[in-house]
């Protein structure tokens, strides 16, 4: 049939193999774009008063004095063996930094997706069900506003306007809160594992504003997609069939219609993965959220080569995997899809 | 006569599309005693589907708008019911079969679960909020079943719709005796291996099979009235014949009244007891099927019957009706049929429209009505 | 399996009204039709007005000084005061007649700052989307039209698509930030950075459309009738590409502006000496509680511009879809006739 579990495994495996050339391309492009047109990063790191010998030493240390192809081959060798280079600013290997910072970003992104699903999708249903009436117009204004407000403005307003009014500082915990042992690097999970309820509440309070800022633009996309696919689904005969069984309107909308509309809405996941990841750089730098976005921000603005390349490659992997997940989810939701 | 199962009085429905208003139904009246099969026939766009959808209030509003009229079902005017009461009428009161079996089954759920949902709703209504017990499960022959009284269906105690209520109404996962009843209904529609079918998705079934499932689903609510909106039009001819045969057999087995909508006069002649002929949103003739076919009393009906392909017509010319259905946003004055009518007179061109009036009873003594000023002259048309 | 008729079109079927299709006539009647459609869709009209207003203002900001200089000997400007003129006025004054948007913490007129940034942002929005449209569109056309496997052109087509896939797997903003940082701060550097990440979207869109158009019955019929490939390419394929590309382009201008200004906000884009919306924000965001008019002015400027383009694009989608165009045209004419 093409829908058994083994078909799914073959499908995912095939897609993963297809990813390899894409990822090689990603590495090549990132490496050369960051190396070709560049001012010498050692000059920036060592500062204006550094002696030429210090700069030469720096260049030698990071292999910048070798020809570009040699640098690239060395980098590739390192990449395969799990050595993504050393971060001169954070004084740790890049991969270690990623391992340390990614969980916090994952936490933030998951919270954002949660908001997107819990707020964005029902709003889309409400808008479609009241097509052309006042609720519909309000929802459309909402998602257009989300679209037209850059993340950095939403973030700045929430962090400085709302956050400081409510007394919520940046970061994952407030400074006064008793420290919680880091196990997973996800603030809420760590606090829960420690059994510390006040720390959990503190972590949640610190999570909600950046998550909202990050979700703002994507919530609009989710609402818009849900609305338009619901508008396509609602006039279909099977919705009438559901009504004619005697089902209430709530069940008709949220079980029968939304179940089908969601199939197309899953494609949002692929679309939003890129904006979401990009958004973390902005949001985390504004909220000082200790995640990948903040790391990317400092790596990029401080001309940290290894950090920048590592972050861009890692983010590209995240986007590619998110797209694969969206594809699989699409197939899981639509029984007509065969794994090919 | 006793209370009719369904009585439509002067129903008019408009569609507002942009700034234009299309009169989909104008002043349609119809009464349907329990136990009869009433056919509605007419060309594409004559309003027959709108009529079928207006009864259980399925028309999308906007663009549709009921301008006037009453739809009495078991004595209650459905158009006056608050919107949230409509689900209690649907399923167990009125069931419906749609034209395209490809679209009328939910592609995301298994066939068995979809039928079980309908069965479950009926059980909840039959037994109040008690879960059904094994002893209550009857066979699929419900001809001996007592008709639900109007009071049972629509005037039950007021229960405000709230979330806990909705959650309670959610059918529990398919249980054993529920599954048995689902299988019974699949047997009823002559499906040989229902155990295999229930775990399939709609797209894994053929068109004819899907329509059987659809019929089983509509019947599983044990409705008093079944509306069949062109149930066979989207099917291949051979499948169409099978489904029609099935429906005809089922009519003898289950005592549901049926409103059968079709553009195909042949199908209507086969299935219906009474026939209503529609033209441009108007009911132009209504009467027993034999009288309509043997002595039509409206020129439109006559021309429709004449255009049925017939192997006995040896001259090889298939007469067709000249002209086309008028634009529903600009209906002609007077009789809507007059621009195409072969026997048009001056009076037909002037308002008001000729009303649907009772004719002298025929040999069977049944009601026969026509909306023509000159019903007697129709017989003399070629 | 037979193809199902679309039940959503039931209304049209029930009405059975012969709807006259607008014949391709002179540009004048098309213009009249365009106006009628705009009038029938208030939101699209709002978008259209906003886009015209913003474009004309940006044009005047640039052109008035250029024209008046040779004529009068000194340059006039429609800016009330010079932009980014620190110390010109008392700091953080609330909006007044003299300063409709107040003054900022440097003592400059906020209105002048925001207005002076308009041509920069709008120009970059148009340039980046325009170049992407042309470059990506051409690549997509080539990849879609000559994609026969086993030939040289097929190889080129495959290469283009692989390259596009690689670029599409980057999170746009992060790659643009990385490139922008390595190229150094500057107006054109960050413009180039956005451009490098932008064209692949147009390749994907164009190729998808070309592949869809190629299997349309009218193309197959034309080919069967012996119409030359060149003629098919221009008469059928290119002609039908204009509509989806126009929709995408008009929505895209706003998105480019947001991305570009985000790069400036992060601090690796336009130098802070050039007025630009994203550039103004870091200085203003701390004033959100004390001098909120600064933040709201920038927000409103971006909001209005982006909203204008997305409303217009959203409306264009409906207008350029021939089926909805027909319905709207009849609606508009029917409304016209009832008003008489």
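Should a chain be cited, it is by its letter among A, B and C, assigned in written order, with residues numbered from 1 in that chain.
Following the convention adopted for this analysis, a residue touches a chain if its C-beta (ideal position, glycine included) is under 8 Å from a C-beta of that chain, and two chains touch if they have at least 3 such contacts.
Quantities reported herein were computed from a predicted structural model and do not represent experimental measurements.
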Of all other chains, the one whose Cα centre sits farthest from subunit A: B
Busiest interface, counted in C-beta pairs: A-C
Distance from subunit C to subunit A - Cα centre to Cα centre, in angstrom: 25
Interchain centroid distance [CA atoms averaged], subunit B/subunit C, Å: 50
Set of subunit C residues in contact with two or more other chains: 7, 10
Sequence positions of subunit A contacting 2 or more other chains: 235-237
Where subunit B touches two or more other chains, by residue: 100, 103
Subunit B-facing residues of subunit A, complex: 132, 235-238, 240-251, 256, 259-260, 263, 333-336
Interfacial residue positions of subunit B with respect to subunit A in the complex: 53, 56, 58, 60, 62, 83-84, 87-92, 94-96, 98-100, 103-109, 117-118, 121-122, 125, 161, 166, 169-170, 201, 203, 214, 217-218, 221
Interface residues, subunit A side, partner subunit C - complex: 21-23, 25-26, 29-30, 33-35, 37-39, 144-145, 147-153, 156-157, 160-161, 164-165, 232, 235-237, 273-275, 277-279, 281-282, 285, 296-297, 300-301, 303, 308-309, 311-312, 315-316, 318-320, 323
Touching residues on subunit C, where the partner in the complex is subunit A: 7-8, 10, 162-163, 165-167, 169-175, 177-179, 181-184, 196, 254, 258, 261-262, 265-268, 278, 281, 285-286, 288-289, 292, 295, 298-299, 302-303, 306-307, 310-311
